[in-house]
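Structures follow.
Okay, so chain A shows up in both of these, paired with chain B first and chain C after.
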Partner chain A sequence: MERGYWIKSKPVYTSLVWHEKATSHLVLATGIGGMAVLKLFQQMHPRQPVTVLYARYAQMDADYSETLKKVVPENLYIFKFEEALLASLKEILPDTRMGLRLYVAGSEGFIWDVAGVAKQFGIDDAEIMKELTDTLARSVYCVHCKSVTRNVTTNIVPCCGCERMLFVRDHFSRNLGAYMGLMVDAESPGELPAIEEIYP
Partner chain B sequence: MNMIDVKVAAIKQVTPLIKHFTFVKEDGSELPSFSGGSHIVVALDADGRTYRNPYSLMGSPTETDAYHISVRRQENSRGGSAFMHENVSVGMTLKITHPVNLFTLAKMAHKHILIAGGIGITPFMSQIEDLKRLGVEYELHYAFRSYAQAAFVDELKKSCGSSLYCYGDSDGERLDMQGLLSWQPLGTHVYVCGPSPMVVSVIETARNLGWPEHSIHNEQFLSPPVGEPFKVQLAKSEIEVEVPAEMSMLEAIEAAGVKAEYLCRGGVCGRCELGVLEHDGGLEHHDHFLTESEKASCRKIMPCVSRSKGKRLLLDL
Partner chain C sequence: MALNFKQETFRDDYSYSNSAHAIRRFPFPFAEDQYMYSVNIEPHTKGEPGSVYEFPFDIDEHYVAECLDKEITLMQDPGRYHALPHMMDAQWDFLELTMTALANDYPEHFSLSRNGQTWTWDNKPLGVCDTFTFGDSSTLVREPFDYIGRQVQGDFVLLDQRDGTLYADAGIVTSQADWSLAFNVGMSWKEWHGPVPRATEIGVMDRALKYLLNLQLANPVRRLNWTMTVNPRLDTSPENYPYWGGDRNKVNTDNVGDLVNLRVELQSLFRLPRSNAIVFSIRCYLMSLKDVTSYPRWAKRLHRVQKTMHPDLIEYKGMTKFHPIVVDWLSKFDDGAELGIGTHPE
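So, the complex of A and B:
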């Protein structure tokens, strides 16, 4: 890590805090992201309507649904998997008006899946408050074959599409929700640096 | 700044207070292309000084054989708009800048709400052409004092059809800002151009409803306000310039022969920003560019609209 150096495209995630000004609030979380939702409900409860969508099973199988049922007063919808949550999001957004504030907590893969759905409805990802939980695992976009390898926890990973060994960079595409992956042994085939888990 | 020579091809009195000017290149060649919402700065030599006023281009961006602007005669005009109304005639040559757009349409938006007050309609006239060409959903809400004084209503009815909503104040028609902005689909952007209270009202209403900052757009060119005279010392040029009551600091600096950067000349773009090295009584900020904390620090100033509260300023120029 070089001091004072930063790849600008690499997203910065924060802790969820209610927006003071809003017409309605929509909170989306998976797995350990449920804890981020519980933390939100420790803050002053907004005057505007709040809806919470929670998927129980994520990468870290941590289920906060029972606690959420006790804490979230109304409009709590619990799903087993992320896919069902995203399908429900697609049904909610067309009937929602400007003034909606979006909050998302979960793995980076989940956060950018949500951002991808929101984008179809004209919501810029900058409008979404994002908290990274569960894992640092990355989605990696292969610049050679354009496949995306998900849930990558190591510095170097075989591409799920072309099997090239990819070096995982910090350059991030908001459009793809993935980091750039570049063939690591292109100059000297077979010569690989040590493969280490750095995104647990 | 690289200026373009244009000839006044036509002048039309649109309402008792508004004149429409058509500019062409003298050799008949095309003018630079522009996007909806762009403006030009027109240089006017009057009373031994140069006024440089920004005006929105209101023609279709697809037609570059001529530029169209409309000028409202300001009640307390320092001279710029009065000069345009009284002294500019067909056949005259004027100098204009290349078009600059500080009021662009957000191309990713799903719907556009355009809100105009009075002469603030002008930037929307070119934007509407872009919106129609792109086939995007939009509404134009146009508020004015009275139908008799409102410019371009018939023209807009023809080009916008049912997307146009008019509000004549003298007929008791009011735009319900809260109602309008409470019920818009996700992905809507709002744009406002008009008198200051209207601009503030749109921005505040949208913010309070929770519209994200980047979905709220406004353009509000200010004319330099009249103030107390003061002296400006330029540290690098090592000269002293008197700024009279009815002249802006930027105009005074230019009149003294010092080259200063500028773009909009209306307190919006930030290009003319100058560093303040010393002041003796604070700054009178009028711009919409500096943040409140920057204004409070008294270390930066926009000479196009802002002035000194004291007798003397030392600028880093």
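So, the complex of A and C:
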């Protein structure tokens, strides 16, 4: 896409499927990600213990908490905000054991927030199954001032840190959980291409 | 032979220049009239005396000025150095490799004395002399990779090998051709090379990775890579793109020979003994197009390579704006005579 060629560092997201080999399962979802959890529970239920953490996605009305309460038999925790869910995750992870499987469904920002927390406990993001829902909105790392602008839906966005207009590249850093933003008019100040919503 | 280190700059007034000797030993990368990515990796064996391949780490007349430029860049942006915590063994491996090589190959300028774990490193050109305990970071003013990385020309990335691939888990990067260490640190081989056009399609990256995973201790390898840079600027980082990107507009028919530089990276890779990591060394050489034309063979070759360059590569290397001017200017030096295969100047 970018300048006629395709960049391979963009993560691949799949549909959630239970791992057969596990000691326990931890499912985290926000917003429409609740539907991904419901789909998981349509599959043959694993024998190991399952815990589900769910929060609404702040930017949308979608709320699956009532349905989840009916479908998830036990260990379901509902949160008002993503931040509370992530705080709870930080409390749960120290007590988990080898063989824990993690499943995440939600916006890309949420997915990589979870991966960031998991990393602090030695869990590599490759171990986490991820499903993208709700939005294609991106977190964008400004390569100039190092700020991260969240929930970006357009090809070009003003940096929340230095206010430069950033072109959102398709180059993704798992370490930062963000795409690269590069000043778009450095070579010709003030000349901006059309700003379009392409990550709705 | 003692080197004469020049006083020069890679920013602001750009007083950098090459001596006739430096031009002659320049690692000109084009052996044929066309260019496309290939797995052009060869053993990093000892080359001719005086050549850039004579020693594992080439130190030249630009050494002192380049280390000073590196200091400035690191002072302005400490994020140009980054090492993930599990890379400490690799850091000491790197320090041992570079100190041993420099002391052995340039005894007039560097010396290393070892007494058990107590080492003394004497770097005369930079006026650094320190005694420290090998393996104990608290005895150095910085982490070992940071400490010695500042005292060797070029950029260095330490690659950790696991899960059948290589991860860029540490780096000291101040003379890069438009890639960001802060963004790339922790990336796997495939993620890192994601932006390189056409290379993945023709299978180059997979084959190069397979080759490197089997890299053996004491058998380093190398390849050349290249681009063109306006002004002899080492720090063409994306971080500072707002400050150098506009220079691309300044190239015209009258100044192209002076302003545009052929930028060649001598990339070499060494397996490390304790950590099993790999050092990826990226040594940058800059030469103005005018200096390229010191040797008619090089001028003709460069003209033909540029004239037939794939548009995707021109764009990827950031040359789109001034590339037609370069080709047009070089055409004056090309009489069409047949050139044999090889990168030699004469």
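Everything below uses one rule, namely that the second predicted complex is superposed on the first by the 193 of 200 C-alpha atoms of A that agree within 3 Å, B and C clash if a C-alpha of one lies under 4 Å from a C-alpha of the other, contacts with A are read in each partner's own complex, and residues count from 1 in each chain.
Convention: a residue touches a chain if its C-beta (ideal position, glycine included) is under 8 Å from a C-beta of that chain, and two chains touch if they have at least 3 such contacts.
Note that the structure is predicted; figures quoted are calculated from it, not measured.
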{"item": "Contacts of A:Ser9 with chain B and chain C, given as first, second, both or neither", "value": "second"}
{"item": "Partner chain(s) touched by A:Gly122 [first = chain B, second = chain C, both, neither]", "value": "first"}
{"item": "Of chain B and chain C, the chain that contacts the larger number of chain A residues", "value": "C"}
{"item": "Chain B versus chain C as contact partner of A:Arg101, first or second or both or neither", "value": "first"}
{"item": "Partner chain(s) touched by A:Met180 [first = chain B, second = chain C, both, neither]", "value": "second"}
{"item": "Partner chain in contact with A:Lys130 - chain B first, chain C second, else both or neither", "value": "neither"}
{"item": "Which superposed partner A:Lys146 touches (first chain B, second chain C, both, neither)", "value": "second"}
{"item": "Chain A positions touched by chain B in one structure and by chain C in the second", "value": "126"}
{"item": "Complex contacts: residues of chain C adjacent to chain A", "value": "79, 163, 180, 182-187, 190-195, 197-198, 200, 238-242, 245-246, 248-249, 312, 315-316, 321"}
{"item": "Contact footprint of chain B on chain A as seen in their complex", "value": "19, 21-24, 48, 93-94, 96-101, 121-124, 126-127"}
{"item": "Interface residues, chain B side, partner chain A - complex", "value": "108-111, 181-188, 207-212, 214-215"}
{"item": "Residues of chain A that touch chain C when the two form their complex", "value": "3-5, 7-10, 126, 141, 143-144, 146, 164, 169, 171-176, 180, 182-183, 186-189"}
